[in-house]
Amino acid sequence: MAMATKIITFEKPNLRNPVFIEGLPGVGNVGRVAAGYLVEELKAKKFAELISSHFMPIVVIPQGSQVEMIKAEFFYWKAKEKNQNDLIIMIGDSQSADPEGHYEIVEEVLKFLKQFNVREIFALGGLNIGIPTEKPKVVGAVNDPSLEKKYKKYNIIFDTSLRVGSIVGAAGLFVGLAKYYNIPATCLLGETSGMPFLPDPKSAEAVIKVLSEILNLKIDISRLQERVKEMKEFMKRVETMQTQLLQPPTSQVSEKEKLTYIG
Amino acid sequence: MAMATKIITFEKPNLRNPVFIEGLPGVGNVGRVAAGYLVEELKAKKFAELISSHFMPIVVIPQGSQVEMIKAEFFYWKAKEKNQNDLIIMIGDSQSADPEGHYEIVEEVLKFLKQFNVREIFALGGLNIGIPTEKPKVVGAVNDPSLEKKYKKYNIIFDTSLRVGSIVGAAGLFVGLAKYYNIPATCLLGETSGMPFLPDPKSAEAVIKVLSEILNLKIDISRLQERVKEMKEFMKRVETMQTQLLQPPTSQVSEKEKLTYIG
Amino acid sequence: MAMATKIITFEKPNLRNPVFIEGLPGVGNVGRVAAGYLVEELKAKKFAELISSHFMPIVVIPQGSQVEMIKAEFFYWKAKEKNQNDLIIMIGDSQSADPEGHYEIVEEVLKFLKQFNVREIFALGGLNIGIPTEKPKVVGAVNDPSLEKKYKKYNIIFDTSLRVGSIVGAAGLFVGLAKYYNIPATCLLGETSGMPFLPDPKSAEAVIKVLSEILNLKIDISRLQERVKEMKEFMKRVETMQTQLLQPPTSQVSEKEKLTYIG
Amino acid sequence: MAMATKIITFEKPNLRNPVFIEGLPGVGNVGRVAAGYLVEELKAKKFAELISSHFMPIVVIPQGSQVEMIKAEFFYWKAKEKNQNDLIIMIGDSQSADPEGHYEIVEEVLKFLKQFNVREIFALGGLNIGIPTEKPKVVGAVNDPSLEKKYKKYNIIFDTSLRVGSIVGAAGLFVGLAKYYNIPATCLLGETSGMPFLPDPKSAEAVIKVLSEILNLKIDISRLQERVKEMKEFMKRVETMQTQLLQPPTSQVSEKEKLTYIG
């Protein structure tokens, strides 16, 4: 049978009503950068990986000679204080390379989360406003009206339909499909100018601030700029990878910085 | 496994030999507008939703901050008089975004309908005649010759092969596949000029009139123009969505009225 | 789950070591025309239909108001004389609309044939030689060397690799995959100039003659020209259908003779 | 159900901790040529074939009238000396014609290899350096850091990430996915100028030399040039086949040397 989507678990953490945070690459890579920063600042522990035949059929070599699958990774973090929740954070290298895959990947993750009795979902992403902004706002989208009421005291804009007609890909589907799993879910979208191939740390910062406040997390945002610089090399690879989606399927090659190919 | 197509049931209505009416978006959105008007005028009750990985991988935000999956919805209506049938009406946001999905979605619905012992199917759609018409006719296509005999006394044109060589998508497949489920099925196609992005209420009205007469429904058609105006905003979103089918799969973004994007 | 490919059986004929003959549309529609003519001249009886989500998601209306699925049809014929074999003949409206579907459809048919203990397969098709020819030859391709020996006394050319490097689609796969089912299989390809949209009766005639001789069938070839004329209307529809494969998937419409559309 | 990917076994060899070597067509056909030469020089015995609906839906006729499926073939070789390993070698006509197929094919092979208790994997391929080189080097990529240590004494370059950002297709996925099967795996990539349609025997020679040394194989490399010449005819067919991937799916024809077509 087709490989479809697989989640490989290295550890079965015992989590107390965890909250799930998702950040995959997208516009301005806002969600990926924000969730990735949380993983590092919280020193969250990796416990599972997701691979999928809906990702591009390539492996990446980020450094040395070590091959890495295109994958998403799951991390957990145990609450340090009473007003905090345990967390599961998913970050990834890519979204699905074909339309159907988005549904499958999100569904497999939701089934996986059900095992941990996840209580709430935050899907992070970027909202392209077409022009650069000094103070990016955070726009919310929810799968239940009660969530808007619950979170309107935070710095989130909820006149969402006036700003976006639709959300493409995993972040939107997490919120939409979670409803069928009875999990409240909120999409937090940081405004960005949406320059392709450029992660937008300011937008990510805005999202992190809102999310930290909601979840009572103490996140030192000062290292974000620096961390994004470190991420850039990997980001460039992710984007190189994504441009390959537009190449004909016969070309078993992958362009690289120095005009080298491989197959 | 792949998510494929799912029907989520909220209520199990007890229906007496129901007739099934289908209206998905298509040429002039005739079927969708006609079936949607029936749902509203009959105050039919929603009891199930269909989602599918064959729909586009997006969610829409029709108003406020509430996210909606691309979906089809099932409504039921209990007959008020002896000469009426109980009804199941399906309306939807979209047809399958890939060729195979049309078959899968129609098959899943037919299996679903079998549980309710559906006795007959009417699939509603539009027939593009290339020029505007003041008095659109209704053209019929059937999966059994007896249906032409049964319905020729109504205002339906049955020299169909002289007008259309083939029917693309769900409406045609419902009629074709229903034969293998031993369900008599008729496609009712309202003539339309087929202006893209514009629902054609006149054509929908012609279809509703024929169908109401067949099913002894008392439908006040006077609110149709007004209802179509209300539908327009949603329709525009559906069409925005449909244009995204032509974009490359890497672009995780969704254009909107104000040149904003999201991902 | 996806609908995939289904064979619906109306009758379970009791056949004695039948031979299977396949003719689907292709270059010059040679295979389809030849197998279709055998069905008519032998008055073979239809006993099953194959439908598939790998066919285009459309229905056709060949005449009147009656909708027909895109399908392949199975006919059987019982031998009249001792030196004849019972036959199963498959003719169809279309080949798979996507690459993977060819494999699936052929495999499902081979599984189906196994139930009838099919002893040998003849897959019929056309071979484009680029120029018109008055006396088209028949070129053979086999899945076992013994078949070349067995059939070299007939009017078949077996220096095939000098003429064709590969065979695309169902006819070739029937011969190739049958090997894994231990069924000897021969592809008979009639030379044709390969004018698109035009069935080539001369090439079909050449194939029928060779096949009739091998199978000791008494086929009166005189009605072929006339029959092809009758087929032309349907053929035109099949071709209209096939051109739709090149249209974007969003267009839920089907062009027709009189510039009418439907959806 | 869809045919997906099948491995047909002709013999169940009893192998002692075998090493698996993979060579499919790719840049410069380096992997295919190198693995194919090993099969011939070692007189390895064929014991299984892999077919897949992810290959192109065609059959090839390499010589005479005999039809061949697009397939991969498995050969085994029993060690002759104490310092050698039993081998399983896979060579093939093609990689997957669609992105998802790469994952499926590699996964099916890995499951198959698990039955034989395969201890290590070498995936062979080419690395396009854009310019011709007299002395092609061999670049390595591994799924575990210990492999770099183990093999750094051989003539392999391991500053891989400076040369290639990603590996597309089966060779890379074998190394990446093998990790989830707990099989150490190394990709050996011979530098090549990557002229399309031309196998690069010099690059293949470099790969064979490194691999022979690692596995203590005594391979006489002198016949490689001559063997590649013999392969060329078949290679041309493979490439003809691959160019068909870019043709629209409706064309049921296959171009060939003499402008003949078939269908």
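Order of writing sets the chain letters: A, B, C and D. Residues in each chain are counted from 1.
One rule holds in what follows: a contact is a pair of C-beta atoms (placed from the backbone, for glycine too) under 8 Å apart; a residue touches a chain by one contact, two chains touch by 3 or more.
Quick caveat: nothing in here was measured; it's all calculated off a predicted structure.
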- Task: Touching both subunit C and subunit D: give me those chains, sorted by label.
- Result: none
- Can you name the chain that lies farthest from subunit A, using the mean of each chain's Cα atoms as its centre? C
- Fitted rotation between subunit A and its twin subunit D in degrees, CA, nearest 5: 90
- Query: Taking all residue numbers at the subunit A/subunit B interface, are over half used by both copies (same) or under half (different)?
  - Reply: different
- Query: What is the distance, in whole Å, between the centres of subunit A and subunit B, each centre taken as the mean of its C-alpha atoms?
  - Reply: 35
- Where the centres are mean C-alpha positions, what is the separation of subunit B from subunit D, in Å? 50
- Message: Touching at least two other chains at once: which residues of subunit D meet that condition?
- Response: 2, 97-98
- Query: Among line, ring, star, complete and other, which best matches the way these chains touch?
  - Reply: ring
- Query: For this entry, which pairs of chains touch?
  - Reply: A-B, A-D, B-C, C-D
- Item | In the complex, subunit C residues that touch subunit D | 2, 4, 25-28, 30, 95-104, 107, 125-130, 140-145, 148, 158-161, 163-169, 171-173, 175-177, 179-180, 187, 189, 194, 242-243, 245-246
- Note on the structure: The subunit B residues in contact with subunit A across the complex are 1-3, 6, 8, 51-54, 56-69, 97-98, 237, 240-241, 244, 248-254, 256-263
